[in-house]
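In the two complexes that follow, subunit A is the common piece, with subunit B as its partner first and subunit C second.
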Partner chain A sequence: MQKIKKMINNMNLQKVRFIIQLFSFILFVYGGYFAIDLGSKLPIFACPYNGEAAGACYLIPLQHQLSMPAQILLGGAGIAVITGLLGFLFWFIFLNKAWCGYVCPFGTLQDWLTYLRKRMGIRYSTYSQNQFDKLSKIKYIFLVIVILFPLLMGVGLLGGEWSAAFCQMCPARIISPALSGDFSQWTIDFSSKTAMVLTALGMLFAGLFFAGSFVKKRFFCFFCPMSALHYIFSKFSIVQLRKEGSKCTRCGDCYAVCDMQIKDIADNVTDVNILRDDCILCLKCVAACPEDDALHFDILKFRAFSSTKEGFEKRMGIGRPKGIDDEH
Partner chain B sequence: MMNTEMHHKIETPKEKQNRHKAMETVKVLHALKEAKNPITTMEYFYQRFEDVYCHQKSLHDDKLKVGTMCIQIPSEIIYALDAVPIRLCNGFYTDDEIGSDLLPQKACPLVKATVGHFASGNFSDKPHFVYSPTTCDQKTKAGATIEGFGYEVIDVDFPRVKESEISREYFRRSIREFTLDLEKKTGKRLTKKKLRETISKIGYAQGLYHKLCAYRKEKDVPISGNDMFLVTNAFFFDRIDSWIHAVEELLEECEKRKENHVSINARVSPRIVYTGSPPIFPNYKIPMLIEQSDAVIVADETCSSNRMFNDRVAVDEWFVNDMLDSMADKYLKACTCPIFTKNDDRIRRIIDLVKTYSADGVVYQAFAGCTVYELEQRSVLEAMEKAGIPILYLESDYSPSQGGQLSTRVEAFIESLKMKKRKQGK
Partner chain C sequence: MVDFIKRDSSDLFKNPVFAFLFKNSRFLLMLRVAAAALFFYAIYYGFAHPGKENIFTGAVFWGVFWALFMVVTLSTFGRLFCGICPHGFLGKYITKLGLKKSMPKWMRNRYIGITLLVLGWWGIYYTFDGFWKSPFNTALMFGAMTLFAFILYYLYKEMSYCKYICPIGTLTRAYDKISFTKLETYTDACKDCRTFECAAACEYNLKPFTFAKKNQTDDCTLCMDCAASCEAVKFKITKPAEQLSSKLKILSAEVWTYILIFASIPVSMGFAHALNRSNIADAFIWNRTAAFFGMGDYAGGFAFLYAIIISVFFAVFGLYLASKVLKKEYSSTFTTLGVAFIPLFIFASLGHTLEMFFVKEYQTIVHGFAQGFGLNIEVEALAKRGDGWLHYFKLFKWIGVIWALVILYKRIKLIDATKFRKVLGYFFASSMILFYIGLNLYTGYVFSAYGAKSGGHGAHGSHGGKPDYRDAYPKEAAEPQKGGYLQTPIDPGEPFYFSLSDPSMKQNSRSGHGFGGGRPGSKKEVPTQSIWLVYGAMNDKKRYRSSTLDIFYYGLNRQEKPIIEKSSRGKKVLSFEVPHNGYYNLFAVDESQKGSEKFYKVAKLEYLRGMHGAEGKYDPKIKKALHQNRTKIDLVRLKDKDETSFFYKHSMGDTLTFQALFENRPLANAEVEIALQSGWTKALKTDSDGFVSIQLIRDYFPDWNTFDKRFKQEMLITLKHQKAGTHYLLTYPASYYPNSNDYQSYGYALLLITLTLLIAGIIIYRFRRNRTTPFREVTVDAED
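Now for the complex of A and B:
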């Protein structure tokens, strides 16, 4: 038991994560070829516009259900909304935001763009604190669009062209099908003014997605309404990211490796639950923490992955330097 | 004729200084060697200090020597540019006396001794130039005084608020400026490969220190606090490869001692966490008093020891600027120096050390004149009281004459801890 624990704490997280991501990417982009269907309540951007996806993003049924006429929604359809949400929660409870860091194909795609940039020897960009604070709110605006616009349709304030308004803007709608060779989404819909604006925004966001993710790690996740939705339910999950403030020296190692630039991970020493709304639960912070047990990833009360001095040294490539014995 | 000339030769000030420093050195080393259950592999360190301070032996003849005035100058960068960092914080009473003529009477003895050392110009390894981070007032101002003796002193901007985002950005820029300046001076370029190597090397040295500390958590402590101070102080000036080699051997011996239950403490010896103004060789006055009174220092929170090794550098993408930024953060954000506006981190660290090293009490020492440690004393004492941790506050300086009064207080404190321990034992 002790041995297994040590092995896990010493693991090369980067490698493990890469393999899991690759596997999930294949599953959620090409799973359809293997006739896999995991339903339409998935807490990730597995876009059903891509016919080969092995499941679908929950935001689609959510928008459809909420856009039903008010009377129906308050009647029988309300149950559908609740069961839909339960379906979403069912998936979510197991992995929490690790869906973002390990499973979401759209997240993985961004990580691959990051690898590409790294290979080219270009340094990543960051936001200033000021920009961060402002931009961080955008995902909630998108979440409001996901929830509010369909409701407005239901009461008749918005017309049918607003159907799945977020999807029309979402870059995943444009990019995901292209991954299985379908470029039909790369257009602007001129059928109505609204559709034109929304799909044009979608094209713009898709362009920004590539440019942004190339220079900024996990560029899109920062604006993702799914991430905002996750955060609302994150406390109910069986997996948690926890911190023991008394062991933290605020050295900032976790912050230095954080793709999402979450400052609290280093600076906050009072909260035990250190998961923040931008977190993608990639666990790079735990892997980069040099203090024993200061950060840990828990499944229920069990510490599945803990920061350790030994693990830190292994992952940072700290070994006995050459030439030590030459002196003697 | 020759003979009489020899006898009547008048000692130069430099010779006198060397003789006095040698005396201070021998006195401390002798006391350390006399301690209970001495460690054989410590001989390397005793010899190192004797070589440097009794025989003025140079350790870095061939290298460019970069003087540093505080721990905030990243040695990783200096090593990566093929130079050697030499930390110039000084613990000699002899130099303190020289410095006393140059600085206000109430100035900190550490700063006085450092300035005195520069004034004498008497170095076994003379720095080619000196980087001085703007930490406490006295060190900040000392830079200008030292410059007056004909040294090149480069100020490195260091913020005094560490919580703010501005300070993070400020020090990151400051470290980049420092790197550029050092690149110019060495005529070398800082490469990705070289910097990564030296980060890893310092990381390895830090790891050895952490391993050494792990032994101090044991019930039978194999190594004394004073020996530990000597090991960490040697890092100020030693050749890093030899230091690493010596500590590896020390670790092996500690492991053997652990197996055979050889310890320097008795079960009833109170375990002490030491904090405050840094003990720098040969000013081990207070640590010696503590361990001679049958207590054992199991951990410390000082910039001459624990703080140098505690925090590590992590980097996500190993580009030069990422490494520099991460280093800047480490040297600023994790630093528990009392110069900062608020300092809850230091209090948290002390409490954590008391817990993890099962200590019975804390000794907090401030140099008379070390304003920041004197100022912070109250808040630390309050916090310890709240946490139910016994603490003794002492004020001391470098003079050898103060012993009696201090030893009474230290002994009384340790005796009270012992009584408590005995009671709890029953």
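Now for the complex of A and C:
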């Protein structure tokens, strides 16, 4: 047991993560070729506009259900919304935000763009703390769009062209099908003014997606309404990221490796639950932490992956410790 | 007494909303007055309208009070039911006026209440089917109990009736331990208290300041008198059933309540309702015993009796063996471990009650109250029996089982014994739980192996007194047939065709966006598609009627099946089953004669079902044209290579290719006419192999503001042929939509994305060039 634990704590996280991401990318972009269907309640951007995805993003059924005419929605059909949410939660509780960091094909795509940039020797960009605080709220605006627009459609204030308004704007609708060779979404729909504006925004966001995620790690995740939806329920998940503030030396390694630039991970030494709304649970911070058990990834109360001095040194390629830790 | 206290975040009184709901004495008084008024009005109504037409009394007592309100509150906030009970509310005033004697010892026996409930209510419920459905019986029972209660309140002090005699007093006391709230006090504040206002305020003569230490609340009914008297009283949120993970005093009467209620409700229901609905009902012992005594009508009573005997046997014998294995006294083992049975009843009942609420009770309650207060409200039930999501409620009883096992594990930890003895003791103590698991699995097995009795679920009236309101109203007279018959006879040469819309309904060209397609309904229901046979112009369809029609269709298996007219809401409708996505070919043949001329008319419809959420992948094999011998003339569409999904739609500019067949041989040089809904027509001829290609023209030029990309252009293709004095005629309706190329632009999209990339690239580049502070690339994650 102790041995297995040591092995896990010493693992090469990047390699493990790459393999999992590759596997789930194939599954959620090309899974249809293997006749896999995991339903339409997935907490990731597995876009159903891509006919070959092995499952669909939950935001699609959510928007469709909420856009039912109000009298149908309130007259019992609203139960479908609740069961849909339960289906979403069923998936969600097992991985929490690790869905973003490990499974979401759209996130994986951004990671690969980052690898590409690194190969090309171009440096990356960051936000200032001020920008971060402001931009971080955008995903909640998107979440409001996901929920509010269909409801307005249902009561008749918005017309049918607003159906799945967020999807019209979502870059995943444009990019995901393209990955399986379907470019039919790369259009601007001029059938009505609303459709024109929404699809033009979609194209714009797709362009920004490529430009942004090339220079900024996980550029889109920052604005993702799914991430906002995750955060609302993240407390109910069986997996959590926890921090023991007393063991933290505030060296800042965790913040430096964080793709999402979450400052709390280094600064906050009081909260045990250190999972923040932007977090994608990639666990890089745990891997980069040189203190024993300061950060740990828990499944229920079991510490599945903890930061250890030994693991840190192994990952950093430093030899056996020679009093090096005292000097720090 | 404490005037001010800093409340914990776990204290419900900290929240102003909850403090108002649970503590505000004026609000509580109003609530209790309302509950009492409703209670007495329902009793009065039961006496005034003793017949079955009275659904109000049943709705109040068996719809709201018992089952729904009781079960939901007991498992969440605790004994709220007692907090607003009219007996307790008025009893307090009666006690104040009364004689305040001590209750005699023989009456201070909690088993009186339980016996009244189990034998008096449930025994009658099972033995005399429908006894409590009668509003009169209900009103009589509640009236008598009220009178009896008031007499005892008048005679005895300290609300002894609630504690000992009330049939649900001990039940609520026992089951309230599973809730996630607990009334207690801030003990730090109580340390200095010498006046004990809380105890003085309590009509039940309890001592709220000891509740925290005792880890239980004795007979507290959450009347909140103590909370009004002293600020140190709190209403704490705990983990559900947290009390049970540490030591507390439990009365053996409470454990007996768990066992007997479990036997009377989940187990008896399982026997008398579930298993009795199976095909092998007669083989069960309770039915055999009833038959042996010749009391077949009272078989439910025997089922109840057996349920009690079997449950008590498993509980008592299991706990007895556990006490022996653990080497502890039987009575202490009984109370320590027996408390683990709490969730069994409460969750099974919660699941069932909620399911019934959605299926039926909601409607009964609303209609009942509408009757009682003379309102005119009609509502539909919230769900249909068999709706998929209702199955979630079936999970509740398994939650109960698992939780019972968890509580038992926590309780057995409190006992001091060796590990081996504890494991063995756990096994014996859980025998009643294991019996319940077995009963549920067995019920499932019986129904899957032997099936349910025909006659359905109707015989089972849930928890007693709910007369079916539908009997109270006469059935609506069937809608008289309208139109169609009196019109002029249809000319035999007039072509007729299939329509997917009802010609008697005025409709706009826009196809509405369908809802609910994604939700698979009940598994038993095969989806159907309605169709109409019409004639005349496409803008003015008239219902086609003929006595010589022969209608049939070919489904996915390419087997021929007839289409039969069915009545639906007073109208006759043609419909066929569309269980899966794919192509369906429909034909209607009508032969007629006019003078020397014979007419052989065929209406054909190729229907592509594409429902989201339906299973099945589009297999190119299904594109193969269907050839059949039933009709002499046929027009077969050759599917396009772009046609690769169930959601395919023809669009403007597409070319449709057909092959005309006569007696299954290509029909050369035959007349083909295309007519659009907009009025445009064109005549074509088939080539030497019977082929004809039709290009779908764009005949839709609206303004941008009114453009609708879901505009549906209807089209009718007519094939004509003449041979040996017979006119052969075939119609093939189709519809198509604006071509997406007419309103979607790849060019602008590519321009936009290129510009975005360019501008963003330039901005990033400029920004980086202008940067003066040196950039420090972090290399911690660069492992290679």
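Here, the second predicted complex is superposed on the first by the 319 of 328 C-alpha atoms of A that agree within 3 Å, B and C clash if a C-alpha of one lies under 4 Å from a C-alpha of the other, contacts with A are read in each partner's own complex, and residues count from 1 in each chain.
In this text, a residue touches a chain if its C-beta (ideal position, glycine included) is under 8 Å from a C-beta of that chain, and two chains touch if they have at least 3 such contacts.
All values derive from a computational prediction rather than experimental measurement.
*Asks:* So in the superposed three-chain picture, is A:Lys284 touching just subunit B, just subunit C, both, or none of them (first/second/both/neither)?
*Replies:* both
*Asks:* Quick one: classify A:Asp111 as touching subunit B (first), subunit C (second), both or neither.
*Replies:* Neither partner.
*Asks:* Is A:Glu52 touching anything from subunit B or subunit C once the two structures are fitted on A? First, second, both or neither.
*Replies:* Once the two structures are laid over each other on A, A:Glu52 reaches no partner at all.
*Asks:* Who does A:Ser163 touch here: subunit B (first), subunit C (second), both, or neither?
*Replies:* second
*Asks:* Regarding the shared-chain residue A:Arg123, is it in contact with subunit B (first), subunit C (second), both, or neither?
*Replies:* Both: A:Arg123 reaches subunit B and subunit C.
*Asks:* Of the two partner chains, subunit B (first) and subunit C (second), which one does A:Ala35 touch, if any: first, second, both, or neither?
*Replies:* second
*Asks:* Considering only the touch criterion stated at the top, classify A:Ile72 as touching first (subunit B), second (subunit C), both, or neither.
*Replies:* After superposition on chain A, A:Ile72 lies in contact with subunit C alone.
*Asks:* Under the stated touch criterion, which partner chain does A:Lys309 make contact with: subunit B (first), subunit C (second), both, or neither?
*Replies:* In the superposed model, A:Lys309 contacts subunit B only, not subunit C.
*Asks:* Have a look at where A:Arg250 lands relative to subunit B and subunit C in the superposition and call it first, second, both or neither.
*Replies:* In the superposed model, A:Arg250 contacts subunit B only, not subunit C.
*Asks:* Check the contacts made with subunit A and report whether subunit B or subunit C touches more of its residues.
*Replies:* C
*Asks:* Following superposition on chain A, which residues of subunit A contact subunit B and also contact subunit C?
*Replies:* Common interface on subunit A, subunit B vs subunit C: 118, 123-124, 253, 256-257, 284, 288, 316-317.
*Asks:* Which bits of subunit C are touching subunit A when the two form their complex?
*Replies:* 358, 380, 382-383, 389, 392, 513, 515-516, 518-519, 613, 615, 617, 645, 704-705, 707-710, 738, 740, 743-746, 748-750, 752-757, 760-761, 764, 768, 775, 777-778, 780-783
*Asks:* Tell me, which parts of subunit B touch subunit A in their complex?
*Replies:* These residues of subunit B touch subunit A: 163, 165, 196-197, 200-201, 203-204, 207, 210, 239, 241-242, 244-245, 248, 310-317, 319, 321-322, 325-326, 329-330, 333-334, 336, 345, 348-349, 351-352, 355.
*Asks:* Which part of subunit A faces subunit C closely enough to touch in the complex?
*Replies:* 12, 14, 35, 37, 40, 51, 61, 64, 68-69, 72, 75-77, 79-80, 82-83, 86, 118, 123-125, 160, 163, 183, 186-193, 195, 199-200, 203-204, 206-208, 210-212, 215, 253, 256-257, 284, 288, 315-317
*Asks:* For the complex, give me every residue of subunit A touching subunit B.
*Replies:* 118, 121, 123-124, 129, 245-247, 249-257, 259, 263, 266-267, 269, 284, 288-290, 309, 312-313, 316-321, 323-328
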